[in-house]
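Below: a set of structures, written as structure tokens.
Both complexes shown next keep subunit A, but they swap its partner, so subunit B is in the first and subunit C is in the second.
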Partner chain A sequence: MHSFGYRLNGLLTFAVTILALMCAITSLSDNFNTPSPSAEIKIININWFQKQPQGHDEVSLMMNVSADLQSLFTWNTKQVFIFVAAEYGTPKNSLNQVSLWDAIIPAKENAKFWIHTSNKYRFVDQGNNLRGKKFNLTMHWHVMPKTGKMFADKIVLTGYSLPEEYR
Partner chain B sequence: MGWIGETVDSVKSIQMRQLLTQAVSLGMIVTSALIIWKGLMCITGSESPVVVVLSGSMEPAFKRGDILFLHMSKDPIRAGEIVVFNIDGREIPIVHRVIKVHERQDTGEVDVLTKGDNNYGDDRLLYAQGQLYLQRHHIMGRAVGFLPYVGWVTIIMTEKPIIKYILIGALGLLVITSKD
Partner chain C sequence: MDWQGQKLAEQIMQVLLLVFAVVSFVAGYVLGSFQMMMLVYAGGVTLTALITVPNWPFFNRRPLNWLDPSEAEKHPKPQVAVSSKKKGTKK
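Up next is the complex of A and B:
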């Protein structure tokens, strides 16, 4: 009962159990954080708005994105992944979500930012429904912990619309 | 020739009970591990409730060797979720983020496009020939939590199977030689 093997086994089991417990408590501590993020997106310009050879509408636009997401960071946060998505409905699709731009915020200092950018990913519709389309721009964020449960939430900004004609 | 029979009998009578007890204990360990695995499959609703991250396409969020806990619910798939999916014809599941969602008005079915955070382009190159989107039946689960580094054990055992055999051999030896 007191051989080296048994002692090592007992020690290792205890160590792993304690480690697992610490990971769980670390993850639980994230629940005490009440975040209060803010974001603002402004569409500066529609660069072009065309119907592609395959028949789908596509838009290219320039936007200013500014946000303050510092309250999302806790000691257990590894990074925050944010993205801006255009959300709209069409006669065929009840919901379309198209991610336009994303970024990884590695630390709290980088979480308050302002950026002037064109859409990183192509804003393409499944069809030709984009003329005059009203859409929402949502700022989503995913908090990735150093260990444990991941959190995600979003801010919905309404009131954006596309031009009536191709240009 | 009589003494051979005697020794064989004595060997058989002493060791048989111990052997059987050890075989049953080993069986109990294996089956309880199986019960836990199947139970997890039921609770999370996913075919494989725990996956190991194999590539660096989601860095710096998930590095090679991390394990992800998956959960599959009937909730609709939305942009930003990290999903694990299988491509027809490939056996290794891929863990990437959803960047585009098109949900049908009438059927509620959904077309989904994914991309690894650390990749330059979206996953259309990974999909099957001619496939532009994923559907719900391709997706095995959403990632809801993760543990770093724990998955290296699985990676090492898969990539260097010798270590797997050595480990199982050593375990078998331990079981046989232990007195209780």
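Up next is the complex of A and C:
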């Protein structure tokens, strides 16, 4: 406290230290939020289902994705990143996860939505295992905070299957 | 500033910053607005800086009596005697 510069430096250092503590407590406050998200995915149509020139199976689908992820948002949420992945097993890989579609939800108002879309990313298998394949569709979300810890979770929807023959 | 003023300035600074930290966190949490918390805190830091950093008169109520320069000239500093250096070691 001996000079102007000394006091200013002390004040700024203390202020920034307290700011770091405030951000830590803010992040901890996110743990008190109990989210109750819901999602539903319907496969409307198989657009085509072919074996590619390299020999791998590929399918193109039309989906209706609807979800209510509003309860994931807190005061410390910057955005929520969601993606839909298809999960299935093959003789070669015990678990395959193929990302089909993703989106960024910037605010709580946009978190309750319904979208009719084809798969944004290609659904390609490492091999020819997709004929008649039963698979799960999972909706994953990453709640990205303004400060602190990111929470990630998913919903698994079962009961989907692909046609027995190429079309 | 005098010595008491320095101590007072430091105490005021610490208390004000802590108070603003709590107030801004509560305001942000209740309003559900991270931005509000940051704005209130930034305002608090600025206010605290304005109160505690400049050399305000109320920090100098018990001023130190420095020796008058004309008085100091009448009493010159004693010369430091050049003494032989002892090389004793202490354990």
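Following the convention adopted for this analysis, the second predicted complex is superposed on the first by the 166 of 167 C-alpha atoms of A that agree within 3 Å, B and C clash if a C-alpha of one lies under 4 Å from a C-alpha of the other, contacts with A are read in each partner's own complex, and residues count from 1 in each chain.
The rule is simple: a residue touches a chain if its C-beta (ideal position, glycine included) is under 8 Å from a C-beta of that chain, and two chains touch if they have at least 3 such contacts.
Just so it is clear, the structure is predicted and the values come from calculations on it, not from any experiment.
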Q: With the two complexes overlaid on their shared chain, look at subunit A and say whether subunit B and subunit C clash or fit.
A: fit
**Q.** Superposed model, subunit A: greater residue contact from subunit B or subunit C
**A.** B
Q.
Taking the superposition on A as described, I'd like to know which of subunit B and subunit C A:Tyr166 touches: first, second, both or neither.
A. neither
Q: Identify the partner contact of A:Ser27: answer first if only subunit B is touched, second if only subunit C is, both if each is, neither if none is.
A: first
Q: Using the touch definition from the top, say if A:Pro106 reaches subunit B (first), subunit C (second), both or neither.
A: first
Q: Identify the partner contact of A:Trp75: answer first if only subunit B is touched, second if only subunit C is, both if each is, neither if none is.
A: second
Q: Based on the superposed arrangement, let me know which partner A:Met150 touches: subunit B (first), subunit C (second), both, or neither?
A: first
Q) Taking C-alpha centres, what angle do subunit B and subunit C open up at subunit A, rounded to the nearest 10 degrees? A) 40
Q: Please state the minimum Cα-Cα separation between subunit B and subunit C in the superposed model, rounded to the nearest whole Å.
A: 12
Q: Check subunit A for residues that touch subunit B in one structure and subunit C in the other, and list them.
A: 146-147
**Q.** Residue ranges of subunit A touching subunit C (in the complex, touch as defined)
**A.** 1-2, 4, 7-8, 10-11, 14-15, 18-19, 21-22, 25-26, 29, 75-76, 146-147
Q) Contact residues on subunit B for subunit A in the complex? A) 60-61, 76, 78-82, 97, 99-105, 108, 111, 115, 117, 122, 143-148
Q | Footprint of subunit A on subunit C - complex, ascending | A | 1, 6-7, 9-10, 13-14, 17-18, 21, 24-25, 28-29, 31-34, 37, 41, 45, 48-49, 52-55
(Q) Residue numbers of subunit A touching subunit B in their complex, please. (A) 23, 27, 78-79, 81, 83, 85, 89-99, 102, 104, 106, 121, 126, 140, 142, 144-150, 152, 154
